[in-house]
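Chain IDs A, B, C and D follow the sequence of writing; residue 1 opens each chain.
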Amino acid sequence: MTQGIYRIEYNRRLTADVWEMRLTGDTGAVTAPGQFINIKLEGLFLRRPISICDWDGEGITIIYKVVGRGTAALSGAEPGQDLDVLCGLGNGFDVSKCGERTVVIGGGVGVPPMYGLAKALQKAGKTPIAVLGFNKKEEIFYEDQFRALGIETTVTTVDGSYGVKGFVTDALRSSYDYFCACGPLPMLKAVYNATATSGLLSFEERMGCGFGACMGCSCKTKYGNKRICKDGPVLEKEEIIW
Amino acid sequence: MVDTSVALSGIRLDNPVIPASGTFGYGAEFAELYDINCLGTFSFKGTTLSPRFGNPTPRIAETPGGMLNAVGLQNPGVEKVIAEELPRLREIFRKPVMANVSGFSIDEYVQTCALLDKEEQVGWLEVNISCPNVHGGGMAFGSSPEAAAEVTRAVKAATKKPVYMKLSPNVTDIAAVARACQDAGADGVSLINTLLAMRIDLKTKRPLLANGTGGLSGPAVFPVAVRMVYQVYEAVDIPIIGMGGVSSAEDVIEMMLAGAAAVEVGAANLVSPFVCRDIIRDLPEAMKKYGINSLTEIIGGAHHG
Amino acid sequence: MVDTSVALSGIRLDNPVIPASGTFGYGAEFAELYDINCLGTFSFKGTTLSPRFGNPTPRIAETPGGMLNAVGLQNPGVEKVIAEELPRLREIFRKPVMANVSGFSIDEYVQTCALLDKEEQVGWLEVNISCPNVHGGGMAFGSSPEAAAEVTRAVKAATKKPVYMKLSPNVTDIAAVARACQDAGADGVSLINTLLAMRIDLKTKRPLLANGTGGLSGPAVFPVAVRMVYQVYEAVDIPIIGMGGVSSAEDVIEMMLAGAAAVEVGAANLVSPFVCRDIIRDLPEAMKKYGINSLTEIIGGAHHG
Amino acid sequence: MTQGIYRIEYNRRLTADVWEMRLTGDTGAVTAPGQFINIKLEGLFLRRPISICDWDGEGITIIYKVVGRGTAALSGAEPGQDLDVLCGLGNGFDVSKCGERTVVIGGGVGVPPMYGLAKALQKAGKTPIAVLGFNKKEEIFYEDQFRALGIETTVTTVDGSYGVKGFVTDALRSSYDYFCACGPLPMLKAVYNATATSGLLSFEERMGCGFGACMGCSCKTKYGNKRICKDGPVLEKEEIIW
């Protein structure tokens, strides 16, 4: 983990309430897709954790949904502005555990980390496929970016206004040998139940620190107590107690 | 050259800055970030006789100028702390550490302290009788002078290490509790623990924390902490470790003027992981700015004159 | 159409928003800014039997997310309030007003309340047994259930108006004090008054306020206030007026979910003079956002389910 | 009094720690020189009171010294930025009470309101003279602006590095028939004792609200209790209890 000042390169709206932001700064601490950053915002005490969607030597892309004061403030930030960020938090997805044909499953703002993961899987010589779930057509983002990677991509919408009608689990048709998932808890549970293979799931929890110091985000697993922020956010399917 | 050193019960600290229990784990996460030997010392995560998972999540909430936590004393239990954490700590920290202890009965406090008493690395015991986040214990002991005195006496009998009783701010008269601890043999007092508080989630219309209530800390509580340290300073002759919302070198000085012999920094570590290192770096300049040559000399300075 | 109205002891308020005593004078300064008839009501400046200048200055200090005050109940005395302020108020405010009363002995409380009892314009008496800024009175009555009950009984015998006892947060068990007030006949309770606190001036190295300590209020105390309202709601059956750090329509809803039948807004008025008008304006939209049709229905909502 | 959003037109350093800021916005609430504004700053709870140095139909000029967190933040504010301001606070100087030859006495950051006052006196057909006190040469500001008004202006410095050596009271030599003063308390006391005529003195006090609501700033006068923020900051010499 590092603490640093990151400059906003752009901050643009993807859908009604989802934004994409590019931050320029040191990415040396990023070691795996699915890690996250923790952002300090003026006037708010706790930092706000947001997954790394994509990164390179110069900076980081994040995608966030406006849900409260912090994300609202973030959406109002201007290019050129500096943000105090803790970077490279969490374990992230272990690409070496993934199969040749891993399905990456994202739901809503669980989609962003799947993009960086898909790229990392390709880089490791694997052939990921993607299932991206949204509520409705207007809320879809990043489908084109996944397709641009040359990845087989299925989009689901709950109301059927685009792609496959239903949930991500309704689109797990192609054969796959491993899965990685990030999204709301009900989605993770459904994926957990619908998948036959091993896999990795990324969790959310309210955080005090984001780097393992406060025990604010603990959960019980079959392998013992874990801190979502440091020992997670990615857990193995086999260790989850459901 | 200004002198930042202070002493707690005969043990000299290079500076008065002490990360507070529960916000610094057993040191490992911060040792990855900076050399924690720059600290005066640190107070490790509240340790109990048996391992505890603590409360269900969510355990954390944001508040104006602060935060709530209801961790509920998650810790691996004293035996594992001695067997695993202390040896690990020895690798990264060569100063005496402050052992923070909690319990649910006097017997538990005594047993845990007796075990830690044998550890050379432990410089002081900080006995938490003020945790608002566990039911049937903790804070109850800190809520009355009599109960506080009872724990103090029992623990003192079980250890030769200096004993600092960590007091609850959720009382009508904290000075009376501090005096009772002193009379029962405490070597010092630590204050404040968190203020009992609550947030309600407007979406679910239920308390935000799974535990219902949580403990408020962070800058919001700073002036309450200063007042309590000031009051306790007038009531006792033993050293006070002051804390509550401290986030800067200026805050450390203010706490010491109120009467603190050393100062703990809690919530600030969580949002600014380098804050204790930075405070220690900033202290000499802040001292010069306010004409202070020796921190020891300013302890309780606001009471004179 | 959402329903923002609530009732306090049979008197209907258009909305639960009440500027808190000591932050709204006797209304005149705000009537210059907006039509204060939009308010549910307001609680006027703490009034005592005799005129008081209050404490020496400085009386005000800034804190993280809040402020300290040590005004010390400056007011012209009840007779002048009745002779001069209330007639002036009649010109600008046509709703029943809440009369906030302080005293230094039970007799003083009784005499002041008896005089205000005759004033038609007074809807409720809010009896402050919790002012931390005056010596030898105020807070002492609010620090023990017995003393609080004694004031309540005495005042109740002197007036036919509904009596709301204003409680101190600087106690170990505020629910016990509230219950004692209820048992002694109080029609309601008001909470919280300010938290006893202190700032020290690093330049002079002395307490910043001339009075030494002061009362902390503002957003910083909000989660403590929510917790206390929540606890008191479980302990009593009389209405609770909740306050402490409220600054937005969302805060009003949170306070009511905790158990408040109406909500006072204090320090926020000082930095945002239009805040109460704005909160009232924002309430319907905030209610819609959280699926609330009637504010009365959500009182104590966080306790159910 | 009004509450409004004011845009920073410029914010420039006058001396090592004194800044001049021009704010554009509604000045309808300004009724007299010596009134003040109360500025909200991000991250600070209480507003910061600063005297109006000069004003016209379009905006306000203030001069402030950096002494703590609020004024430091103010000095970092950029042109184009908006500030939430309460405008037109306090009674200000009553020009009609002033004599034909009123001496306006300013000490340090007590100088700014004297500039607006001098202009108002001229506008009312009077001939003010000015005495401006500073610690040393490097701290002097606004001497040229006073001279540009065509006003007889004496500058004093405590260390004698410029102008008359000593305090403002050492420069009260020209004949005058009234005085107005603003500056640190010891200066006000010295002026009070050194002057033979009637006069007006402007005071400072720590404020909760700045508009008369909280009784945070009360003082006792011979005319009764007064709130510095609303019944002051300007008091008559005759009412002061010293």
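Heads up, the rule we're going with is that a residue touches a chain if its C-beta (ideal position, glycine included) is under 8 Å from a C-beta of that chain, and two chains touch if they have at least 3 such contacts.
Everything numeric here is computed off the predicted structure, so don't read it as measured data.
The chain with its CA mean position farthest from that of subunit D is A. Annotation: 34 Å between the Cα-based centres of subunit B and subunit C.
With each centre defined as the average position of its C-alpha atoms, the distance from subunit A to subunit C rounds to 47 Å. Centres computed as Cα averages put subunit C at a distance of 36 Å from subunit D.
Annotation for subunit D: no residues touch two or more other chains. Annotation for subunit C: residues 61, 63-66, 218-219 touch two or more other chains.
If touching chains are joined by edges, the resulting network of the protein chains shown is one closed cycle, each chain touching exactly two neighbours. Of all possible chain pairs, those that touch are A-B, A-D, B-C, C-D. Against subunit B, in their complex, subunit C makes its touches with residues 61, 63-66, 68, 143-144, 170-172, 195-200, 202-203, 205-207, 213, 216, 218-224, 226-227, 230, 245, 250, 253-254, 257-258, 290, 298, 301-302, 305. Residue ranges on subunit A touching subunit B, taken from their complex, read 1, 3, 40, 44-47, 86, 205-209, 211-220, 225, 230. Residues 22-25, 29-30, 32-33, 45, 53-54, 57-67, 69, 71, 74, 218-219, 267, 269-274 of subunit C touch subunit D in their complex. Listing the residues of subunit D that touch subunit A in their complex gives 42-43.
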